[in-house]
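Here is the structure we will look at, set down as structure tokens.
A, B, C, D and E label the chains in the order they appear, each numbered from 1.
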Amino acid sequence: MTNDQLKQFIKNYTTEVEFVDNPYSLECIVNTVHFYNLARVLKESDSTAFDFLYCVTGIDLQDSLGVIYHLESTKLQHKLILKVFASDIDNPEIPSVFDLWDCAELQEREVFDFFGIRFLKHPDLRRIFMEEDWEGYPLRKNYVDTVNIIDLIK
Amino acid sequence: MNSEGLILFFLLGLTLVGFAIVFSYFIPRKSENLQKYETYECGIPTYGLSWIQFNVGYYLFAIMFLIFDVEAVFLFPWAVVMKELKMVAFIEILIFFVILGLGLMYAWKKQALKWE
Amino acid sequence: MFLYDFSELTSSIHNSISSVMSPLATTVVEMVIAGIVFLLFYALVGLILVYAERKICAFFQCRLGPMRVGKWGLMQTIADFIKLLMKELIMIKNADKLLFNLAPFIVIIASFLAIGAIPFAKGLHALDFDIGVLYVMAVSSIGVLGILLAGWSSNNKYSLIGAMRSGAQVVSYELSVGLSLMTIVVLAGTMQFSEIVEAQNTGWFIFKGHIPALIAFVIFIISSTAETNRGPFDLAEAESELTAGFHTEYSGIKFALFFLGEYMNMFIVASIAATVFLGGWMPLHIVGLDSFNMIMDYIPPFIWFISKTAIIIFIMMWIKWTFPRLRIDQLLTLEWKYLLPINLVNITLMALCVLNQWHF
Amino acid sequence: MNSFTKYFSDLFNGIHSLITGLKVTGSYFVRPKEIVTQQYPENRATLKMFERFKGELTMPHNNLNEHDCTACGICEMNCPNGSIEIISKFDVIDGKKKKVLDKYIYHLGMCTFCGLCVKTCPSDAIIFGQGFEHATFERTTLNKQLNKPGSVLKKEVKE
Amino acid sequence: MEDILLKNKLDKEQEYFINMGPQHPSTHGVLRLLVNLQGETVKDLKPYCGYIHRGIEKMCERYTYSQIIHLTDRLDYMSAHINNEAVCLLVENALQIEVSDRVKYIRTIIDELTRIASHQLWWAAAGMDLGALTTFFYGLRDREKILDIFEETCGGRLLVSYNCPGGLMYDIHPNFQKKVKEFLIYFKKKLPEYDQLLSGNVIFVQRMKNVGLLTKEKAISFGVTGPSGRASGFSSDIRKKEPYSAYGNVKFKEILREEGDSLARYKCRIDEMWESMNIIEQLIDNIPDGSYFTKMKPIIKLPEGEYYQRVEACRGEFGVYISSKGEKNPYRVKFRSPNFFNLSALDHMSRNQKIADLVAIMSSLDLVIPDIDR
């Protein structure tokens, strides 16, 4: 599918989306309400068949926290970047897609660990890299590290 | 000198280990450390008991061994007298082996030899 | 025929001692002498084997091995032994203290009992039972009890799995060891080691018994390697999965004793193989080459025995440093589905050979 | 019958594969020439590193005890770990106040040998040396001063 | 009711948990696996990461683009040069800088040398994990030859830091081509020995065959890429899919297998070594003349936007995601590390296998822990 066809496909499903044309691939920003169902359709529909989730990135845009899903279809060779933002910084919640892509389980744990985004219905949402009792979410922009090695060196 | 020999070799083993352990009980410097006396499990405290009922697979083979080894013991006297008794012994042991072999085949077919 | 006979030497010592002492004192003095000799021999063999293994494995691996302590690193094992002796013995908090301490005793005593029954040369033979083969098999399998106790008493999960594996493995391979030795007993008609060696005066059993003896020899090497818990059958201490298996919690000299026990067991099974299959201390004779046979006779029987043992030990090391470790189910499949049936057929074949005088 | 032949073919293929493996290790055993061990401290005299080897940062001086460093600070800026510290002073040369190098401090303990300092240095004042024996008992000995005491900037660079 | 509770409690006590790692020989680093055992059989396992987490993504937010490169070395240290290349390609593509063909060729050759070196170490460690200790020394011996080539040209052995945005740090050493050709001749003799020692060995084959099965669907779903994924039939080679550097100019096969077991993963890597040698052979004599470095502004600023660059590292697809606000530091950097994705499939693959199989599966996945933790 070309980018335009993809756009049309997604628009047919929901209109509450925003598209950004990126030289790398099509970007699609969706809200948390429609996100899970859109992801499910994109994965399960035969005309899109996004079966390969190859990167899950958390991002802190200061006014909102988001997760970026890089999707690819191994059958149809097209790509899509799916973005979802949670605007409630104090209690960000995004539906989990662990049942659509198996790799998402660990990846979402990583995002939870660093950004504090809670993935709804995730089976085992614990910190993965940091200790269980670590305070704060290190990759957020407003995170203040009391012992900042980088500051110590500079 | 055979029976004394047995005692001698038993004592030898006892002396070697006993001396070594006594020696290294008194000579090396000791250090106290709480972590030192913990069970080693890659640096993580042990989780749960380690003395629990264990997989039956190991015992199954012990039982199999018991069956076959007891029968193998019968073979030793046969092996010694084989040269004298000649044909009689051979036919007898052939029958014995057939039975033993059938037992093995039975265990094989029953998947008792398969590790679970 | 033989230039060297130690029975005269031992009996002369016995006579000279008993002429000045009471029979009880004679026995005690003789035992002390024999004890010291065997203790020294035991320690020496242990040290040499550890050094040999390190050097040989290094050469297999394109390395030099120990080179620093002494010329060619000859003093390395002694240095290691002293180091281990100076290490503190650690007793794990949750361990079963009695059994934990008992385990190294069992391993070492079992190997001592077995080493006594080995004929090093004519007359140089401490325990010569008429059921020698059975005796050696019996005492050498006591050793596994030590491993089981060590693994169980450590209260460590790795150790327990290692001990369990070792148990299943040793009891399985015990059968093959017994049956392959029995193949030769059929040919020799005796279980006494001295007589087995004497019977090979006219030719080693591996030549005399040709095909069945050769098969028995191969099976014996495989199953005895397994019985001594050496690679590729070292499942009990499989370091890539169980860190150190049954001796994970042992430190210092106790660990060294397990280590020593393992090497001594290797020596014992190698020397039994040399005795039973390769003619023990008998020199190599080739029919028709009388001058060659004469020269061979001049080499002392002790040297013959040691060199045969060394060759078998070398083969065992070669195997260890080449093959990957077996999995537990592969191990048991090998024994129960390959070695055991082949062994049973092989004994029948050997009996047939003996019956029809097919052997040489 | 099929499983019977399979049993024996498995057995013989297995034995054959094991012997192939034994041959490889055995062939190395009888060829001690293939041994690759380097006996390190003993071969110090013959051991030579390649000229590009990044052992440690050094500042070459010529025999007049002069170096090329103008204390511009580009290397310090580019270093990701802060392992370079340039302490400059102001000297009066020909009546003009000029910034010259006082101390070039190099923290070897923090260096990751990325090579950005050497690459970006505009006057090629620093290079990587071949020394690799850095083991010391104290961390402080890893902080080195690269410019030799009393060294000055090279004449032609000064102009 | 009480009975059920009691039974549950007993079942709980009968569960046998073993920690493999962080100090364990088979995890090749500081990974901890909590394995639930039933006898020798693995019921399930949970990975615990983070023992070597250094916060590289956070550090990158403070670094300039050329400084980021030296940190990517330290992710998957076995494919250091390939990781560097990912960042360089991203910056070059974003700024639309065209590097010379010489740079592309040299990068590709060193990429493939890195791949061979990585697979050599993997082969060495795979043998060691299964108890054949000799392989470790043979593998490292051959790898040393490549490291010497790296040392002569790049100045580093493991963490080469040879790439920089716009080209290379310095030109290749005059001996480079000669040494690489010598290495190819040498290694073509040694690689069959690997097969003789391990690949054909009956013990080895039986330990690897049908162990740790991963179907193609699961491999895609878990995102298992690289040789591990290709062994399941997942055609994921970025070198073919989105050719970068000089991969478009060479002919090579993508190694694909259908079985999806540990043996297939093993064979994939062995075949990849042959294929890498094939690629190097095509390139080594044809390195074009040209500049090794395209001059760039001293301070690199990426235009505002988001960029993603993927390359084929030794263990799978390595990706860099950079979100830029137009400043000299990136706003957010994310490394898509192949090992983290491969690790997620470990639990699925090792269920109902033996504990010895777990070791075989881990060695066939070839995990590098610093890449998981970042």
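Basically, contacts are C-beta pairs under 8 Å (C-beta built on N, C-alpha and C of every residue); 3 or more make two chains touch, one makes a residue touch a chain.
Fair warning: this is a prediction, and the values are worked out from it, not measured in the lab.
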| item | value |
| --- | --- |
| Target subunit C, source subunit A, minimum contact steps | 2 |
| Pair joined by more contacting C-beta pairs (B-C or C-E) | B-C |
| Core chain by centroid distance, with centroids computed from Cα atoms only | E |
| Euclidean distance of C-alpha centroids - subunit C vs subunit E, Å | 45 |
| Whole-Å gap separating subunit C and subunit D, where each centre is the average of the chain's CA atoms | 51 |
| Distance from the mean Cα position of subunit B to that of subunit A, given in whole angstrom | 57 |
| Separation of subunit A from subunit E, taking each centre as the mean of its C-alpha atoms, in whole Å | 24 |
| Residues of subunit C engaged with two or more neighbouring chains | 60-63, 157-158, 165, 243, 321-323, 328-329 |
| Multi-chain contact sites of subunit B, meaning residues that touch two or more partners | 41-42, 46, 50, 54-55, 57-58 |
| Contacts with 2+ other chains: residues of subunit D | 18, 21, 24-25, 36 |
| Complex contact set, residues of subunit B against subunit E | 41-44, 46-50, 52-58, 116 |
| Contact footprint of subunit D on subunit C as seen in their complex | 56, 59-64, 67, 318-319, 321-323, 338 |
| Subunit D contact footprint on subunit E (complex, rising order) | 63-64, 66-67, 69-71, 134, 141, 144, 148, 151-156, 159, 161, 164, 169-170, 173, 193, 196-198, 200-203, 205, 298 |
| Subunit D residues touching subunit E - in the complex, by the definition given at the top | 10, 13-14, 17-18, 20-21, 23-25, 36, 49-50, 52-54, 78, 80, 112-116, 119-120, 128 |
| Residues of subunit D that touch subunit C when the two form their complex | 11, 18, 21-22, 24-26, 28-29, 32, 34-37, 39 |
